[in-house]
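This is the structure I have questions about; it appears just below.
Each chain gets a letter, A, B, C and D, in the order it is written, and its residues are counted from 1.
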Amino acid sequence: MVRSPNDYRTDVWVDWCPGCGNYGILAALYKAFAELQLDPTNTVIVSGIGCSGKTPHFVKANGVHTLHGRAIAFATGIKVANPNLTVIVHGGDGDLLGIGLGHFIALGRKNVDIKVMLHDNRVYGLTKGQASPTLSKGLKTKSLPQANIINSLNPIALALVSGYTFVARGYSMLSEHLKNLIVAAIKHKGSAFIDILQPCITYNNIHTPEYYRKRVYMLEDEGWDPNVREGEAQNTLLKAIQKSLESDERIPIGIFYRNQYNQTLEEAYGQRTPSYSKTLLPWQKICKEDGSPIVDEKLFQKLFKEYIVKVKKG
Amino acid sequence: MGGPQGSGLESSAQILSKALAYLGYGLISDREYFSNIKGRHSYTHMRISSNNIPLALTYPVQVLCAMDAETVFTHFQDLDEKGSIVYDISTLQTKYTVIPSIEPRLRERLRVLFSELGLDGTISSLTRYLKAVKKVRLIGLDYQNIISEVSKKFEILPSQATRYLSSIAVGSIVGLTGIGSDAIKYSLESRFQGNQTLVEHNNHIIELVSKNVREDYGTLYELSPSSIGLEKMLVASGNDIIAMAKIVGGLRFQSYYPITPAADESFTLEGFERLEVEGESLGSLIVTQTEDEIAAIASAIGASLAGVRSSTSTSGPGFSLMVEALGYAGQVEAPVVITYYQRGAPSTGQPTRGAQSDLLFTLYASHGEFPRIVLSSGDHLEAFYDTILALNLAEKYQVPVIHLLDKFLANCIATSPLPDLSKVKVERGKLVFEMPEYKRFNLSHPISSRAFLGSNTIQWVAGDEHDELGHIDEDPVNRKEMYEKRMKKLEIMDSEIPLEYRVSYYGPEEAKLLMIGWGFTKGAALEAIGRMRENIKCAYLHLKMFSPFPAEYVKSLLENFDPKNIVAVEHNYLAQASKIIAQHTGVKVEKSILKYTGRPIYVDELLKALERVLGGERRVVLEYGA
Amino acid sequence: MGGPQGSGLESSAQILSKALAYLGYGLISDREYFSNIKGRHSYTHMRISSNNIPLALTYPVQVLCAMDAETVFTHFQDLDEKGSIVYDISTLQTKYTVIPSIEPRLRERLRVLFSELGLDGTISSLTRYLKAVKKVRLIGLDYQNIISEVSKKFEILPSQATRYLSSIAVGSIVGLTGIGSDAIKYSLESRFQGNQTLVEHNNHIIELVSKNVREDYGTLYELSPSSIGLEKMLVASGNDIIAMAKIVGGLRFQSYYPITPAADESFTLEGFERLEVEGESLGSLIVTQTEDEIAAIASAIGASLAGVRSSTSTSGPGFSLMVEALGYAGQVEAPVVITYYQRGAPSTGQPTRGAQSDLLFTLYASHGEFPRIVLSSGDHLEAFYDTILALNLAEKYQVPVIHLLDKFLANCIATSPLPDLSKVKVERGKLVFEMPEYKRFNLSHPISSRAFLGSNTIQWVAGDEHDELGHIDEDPVNRKEMYEKRMKKLEIMDSEIPLEYRVSYYGPEEAKLLMIGWGFTKGAALEAIGRMRENIKCAYLHLKMFSPFPAEYVKSLLENFDPKNIVAVEHNYLAQASKIIAQHTGVKVEKSILKYTGRPIYVDELLKALERVLGGERRVVLEYGA
Amino acid sequence: MVRSPNDYRTDVWVDWCPGCGNYGILAALYKAFAELQLDPTNTVIVSGIGCSGKTPHFVKANGVHTLHGRAIAFATGIKVANPNLTVIVHGGDGDLLGIGLGHFIALGRKNVDIKVMLHDNRVYGLTKGQASPTLSKGLKTKSLPQANIINSLNPIALALVSGYTFVARGYSMLSEHLKNLIVAAIKHKGSAFIDILQPCITYNNIHTPEYYRKRVYMLEDEGWDPNVREGEAQNTLLKAIQKSLESDERIPIGIFYRNQYNQTLEEAYGQRTPSYSKTLLPWQKICKEDGSPIVDEKLFQKLFKEYIVKVKKG
């Protein structure tokens, strides 16, 4: 059976505000899934809390809607437990770069094969529009009583410095382009990050589709090559960081950086413990037919011999 | 045996333990140390028995083995009349006032005491006093001499030879107790796994010292042959035994963030990642150090959703950070085990000391209401079985399980018989692997069929209130039904989990005095039953499961006792377990024996306290131990 | 009044509230909404009285004002016999089946009901049925027409005019109740602060609709003039009134991380950062949004150490993250106030719904034992005074204070008299500003003198167990003394804090039936006392302080009642407050009336439940409300 | 009175392992305090948990020993409450870059005038030597059962990307140089970070004094200019990032980056609320002599007029 984008829709009513950028992300996701013909039973969307956090309910694939800021931590457990799953994280900018920042960076360090989609609307949507970590200092979106007083983070630079091996930016209103990024991220082996510019129609009257229309341009149009060649990771990284510092007046989208040479954490575990790669943990036997543990008296004594003392006779 | 932290005492205790086990003796050995890596005072308090496995520690001690002057100053009062003290004669002129690591309060107590006793504060005056007044046998050795000898004999630098200092302690005890050289050899081999140099050097010191001691003082504490009769013994700390139990119980994923006194369990587990026996693999165990405790529990829950038996181990500060995700596990009905080693609290508290002050916290941690199991263990073997029980119950009832332990158990090395694995089963509860219209939270029964992420199903899981499919749902009727579905599990668990897993009664049926306790208190309480004066029959009610709490049994049992003869024995200030009893049964336990210095309850002080309770005191606070 | 979230209903409720207050009426108005920004069903449930300030909400309602078809389908059963329904005639042909935002369970209930009643599922058939069977007055208006008129009259785009839709609701209520146009004008001016266009446009719709309604149906619910007699009234939500109280109480630092239903309090506070009155500054208030809740409480404690009155506001998930730092505050005796708005739990639960299920959690949150104050408030004015009390007690006893509220109170707009500030004092406890050998944790009294960081002192503060100076100390004697120093505060607080701050008894002394509750339950309970049938005298025990718990008073009070006539009334499953009573007094409250759908307890359902309790039922679970 | 380094010592026994790099840090700190003649009553050392966390007890100045990972969050509250205080954070690499990473980055964003000293020993010292976030993948220090499986972070690059306005690296064994860095950091206005290479003699047998002796060199010896000139922040930043990527074989120490032009959070608050700068919060009056709140009935009605309705007469 060939799955169409529509086959990944659930019956759940999508309750984002009309005009919200999240619709574009969802559409791109459906299309990417269809293009890759992902098996919904082997795909898991993990999310945090926020408007963005609702994504899994709208997708017919396994969905784990977790806690604010913790999606990556849950996802890491899922992926390490079963590396066969395609694991995708959807989170907000407050979610991933505010409360969840520690996990966001840890994922870069670990290079677990998880794809992180940042719904970057520069506000805390679901709590009614407070400033998020990607809102620049001095800006006053309509829901703020006063201008934002804290400097913003640069998600791309941060992901690069953290060790993500695939770093990209997309724009929710350019759904085809975004779909391609998602496909590339899923195909990539290792931790992947897409900063998705997502207009919040209700609370963010600065970063509107209008705003982005004027500023967004595609890296590929400039002939940008994000790919690391063997041994040249550092140069490519530095170049990508430089690109990421480009001012707000011209916003590049596309793949900034892609490094195919780094070992994933799952691979490292497999190297350390070959049986980990041979039989997936969930399907490893832990007891016999009758329910008794596979570690029986004999195996127990062998396995734990350093703790067992054979008492001297007589 | 006492000496500076980091000077090898831990290793000495292990060597002695295995040697003693090899000879069939029972022992329990507590390790007390500061939150410090090197230099502060630490000691091992060991009790050895030839006719049973001792359950708890007691004072006074027969032998005090001091690696340094601080140990003498800290512990001379722990010595029995006519006991023996082993010390370094080169410290004779050392005054307590020049030892910087002695804490101000102890220094002040010593000042007062020495001035009362007319001592000048040196080891020399103190030992003379001990000999004269307490008839203590003084076993002064020249530690430096011994080390020099070793350094000469093996042609190593004196600085290197110093690493063997702690073997002087082993040697002196070997000498005084008459432990045979075969036992020590066996133990050293096992400790140093093939490093013959270490075996040889240590063995040499031990032989040298033990010979000297025996020659000069005789085998003062000769151990009679063991009558315990075990062919094999487990010699392990609580941390280690729990690690073993997790492996037997089928654990496949352990996440942790380092914290005392939990981290050693994960460290032990890491040694078993490959789960290989004679080259054959039984599976694999992922042990993963996370960026913090929030990630530790979140990833354990994630692994659980993927169908893997998972757990995380921590202590108070770590658990405090896990609270939000604990509620998530409760809400999404994810099995997960949290192995929780209590330590001195609140806050950072006393990181390396013991306590039982987190019970109420574990019962109500996280906002909102959801079923959970809180299970505690009283000794090493109990902890072994409970660990597997925890893994089973978590999956069977699809709830988070908190396995409550403490630093005492974690760090105590004890001998025990090998666990009886024929009693152990792995129970995974209701599983489903394939179902087209799968409803993870089917309302038709409180316990729904559980599918793994990645089996032939699709499921949604949300911390928001959800419908049967797992999608967010705010409908009030659904809310009520889903809430009740979850909470009903409490009743089901209460009716299904056998009483013997939840509470044990020790002592004669017609006892007069009832102690109630939990966790590590068990050992001291059981010994107290045996050692209480003849005409007072004592019993001990050992509480193990606090959620679901065996309310009816406890209530009817308490009704058999005169309220003035019921006493809570706990390592906390509030007598927390008795609060839970009152809450569930309406019976207020009015008397208590409590200890919260961070040191374990000793049998002797417990006995004295019981007498005071019988004499009418309502609250006795224990404080023995350095 | 119901309609889609984000369509202006919140503003309509405010406009109506102020207009009614202007006329001297009392009102209480609850807002129910989904965790959603736009589109899902939300409604305001308002109760108005001309002779007193209503304390709680009740069903059925007299007027249902539906901005959309979903509101009609969701609420038609809430309508009283002969009540009135205002609806949009353009929705007459709309079937419930085509409305995507209706949740599956409600849709299913409608399907069953409509098929039983033989209705075809359209608004048209439903309204006909209501008219025929329940004698409901149908007030169908053409909303689109009204909007077109406005758009024409003011020459604005129809899409812009749509923003005024919700004023149709206001207009129809104004028409039906006879609220004068001066009151509406007053209210609009105050709502739109100088934006004359908005005032004019809204006013126009309101006048237009009210005139039409009045002409066609008469002033069906004409309000009699108010006899309440207040000259001034506060019209505010719980969030707002607490913000005001914090300012009066001298707060200078509020940290927060956004969360429903707490964030609005901080939002309100942000408006007062300059604390200026007529250009003159009374000081300054720092309101700071942190990176997470851990940082929120940590920085509040930091500010407190620097000598600033500080607090943080949060809800369940946020508090769960604050648990570790809460214990730190307890351990280092730092005053800090946590304003805690409970919402549907566990986990993310029902973020925008109400609950009282976090009480046990707050009492034992964080590992270890330390004194804390847990204080809850039952209505707006109580919350005002309690907020200041919380700030005072935190500093006086140098403990963390958890001020426990709930979403019901947070979002309810109510009228109340102005607080009596002559009753309010600021108490900062024992302070010291200069001391050469300052000991922050002087053991001579449980409450030591507190110095600010930056005064003429040096101090150390540590979450580890510490000595009098604040340095880490593991000595067992110091441990015991320092532990007891802290815990003794519980007794001191218990003996010093007046009973009237901790518990209130309402009703005749010789009552037969005693309700026990806390928090927002108060309103419904008090109304129930008044409305219970004549021969059953009812009383209500309102618990406010759970730590230290007024055990003796509660115990002796409960002894006056027949146990079968004592009933816990709470918004949770476990009857949490009654667990605390049992724990402290040994008295088990065996009966309960509980609600955990996320909607408030209504007076009418409470009355019915009380009858069932009198009839012998032990546990009644309420479920009314959409 | 002129204070000497010794005057900043307390009577508390320093219980670090003999030979620990922390001694060098402490010595440099005493000297820096003396050079700046810091007033102990107006100085606060805030620490987390770890060997590093014990620092405040050894310094005669206010000391706040907080929770593992949270020192920065507490320090932020202290500094914002009283900007007159000199606030210094001492933390470990696990403390600041593991569990506390979110706060570490948040401080960069906020540019609060706090000085962060990272005791970078690449292990979790006080919990017996587990791998910390600065230990490279593949390394096996003696306390690890197996080689470290997770990539390390680059603290300098991270601090730069986070927005710290002063970023430096020191070496605990070069105490005079380190002292100078500490002095410069304290003099700097804004969030300052010093990555202090600190041998852990007990658990880290790789990053020993020997190791560093061979690799460490001083930026100033290369003529490095860390200072941002007006309007050139981005270039200087990029250059500093590039420098920070220098491989482990040559380790630069010294000041990487210094930007004097950014507003601190305290300044921003002062701008928003002038009275904040005029009277320090702790000394603002909140009640009158008799204890009644300064907001009396009259002020209450004025301040909160939007919530007060004057009932229509008659």
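One rule holds in what follows: contacts are C-beta pairs under 8 Å (C-beta built on N, C-alpha and C of every residue); 3 or more make two chains touch, one makes a residue touch a chain.
Just so it is clear, the structure is predicted and the values come from calculations on it, not from any experiment.
Across the two candidate interfaces, A-B and B-D, the one carrying more C-beta contacts is A-B. Averaging Cα atoms per chain gives one point for each, and the point farthest from that of chain D is the centre of C. Centroid to centroid, with C-alpha atoms defining each point, chain A and chain B lie 40 Å apart. Averaged Cα coordinates give chain A a centre that lies 30 Å from the centre of chain D. Chain centres here are Cα means. That of chain B falls 45 Å from that of chain C.
Centre-to-centre separation of chain B and chain D, using mean CA positions: 37 Å.
Looking at chain D, residues 49, 65, 67, 98-99, 101-102, 105-106, 133, 146, 150, 269, 272 sit in touch with two or more other chains.
Within chain C, residues 34-35, 273, 291-292, 317, 324, 328, 347-348, 462-464, 472 each touch two or more of the remaining chains. Every residue of chain B that touches chain A in the complex is listed here, in rising order: 18, 21-24, 182-183, 186, 190, 193, 226, 230-236, 240-241, 244, 247-250, 252-253, 255, 272-275, 277-278, 281-286, 288, 290-292, 294-295, 298-310, 324-325, 328, 388, 415, 418-419, 421-422, 424-428, 452-464, 470-472. Across the interface of their complex, chain B is touched by residues 13, 15-18, 49, 51, 65, 67-69, 94, 98-99, 101, 124-128, 130-131, 133, 145-146, 150, 202 of chain D. Interface residues of chain C, counted against chain A in their complex, comprise 6, 34-40, 100-101, 257-260, 263, 267, 270-271, 273, 289, 291-293, 317, 347-348.
Per the touch definition, chain A reaches chain B in the complex via residues 10, 12, 40-42, 44, 46, 49, 54, 56-57, 60-67, 70, 73-82, 84-85, 102-103, 105-106, 269, 272-276, 279-287, 291-297, 299-304, 306-312.
Of all the residues in chain A, the ones that touch chain D in their complex are 98-102, 105-106, 108-111, 133, 146, 149-154, 157-158, 161-163, 234, 237-238, 241-242, 245, 262, 265, 268-269, 272.
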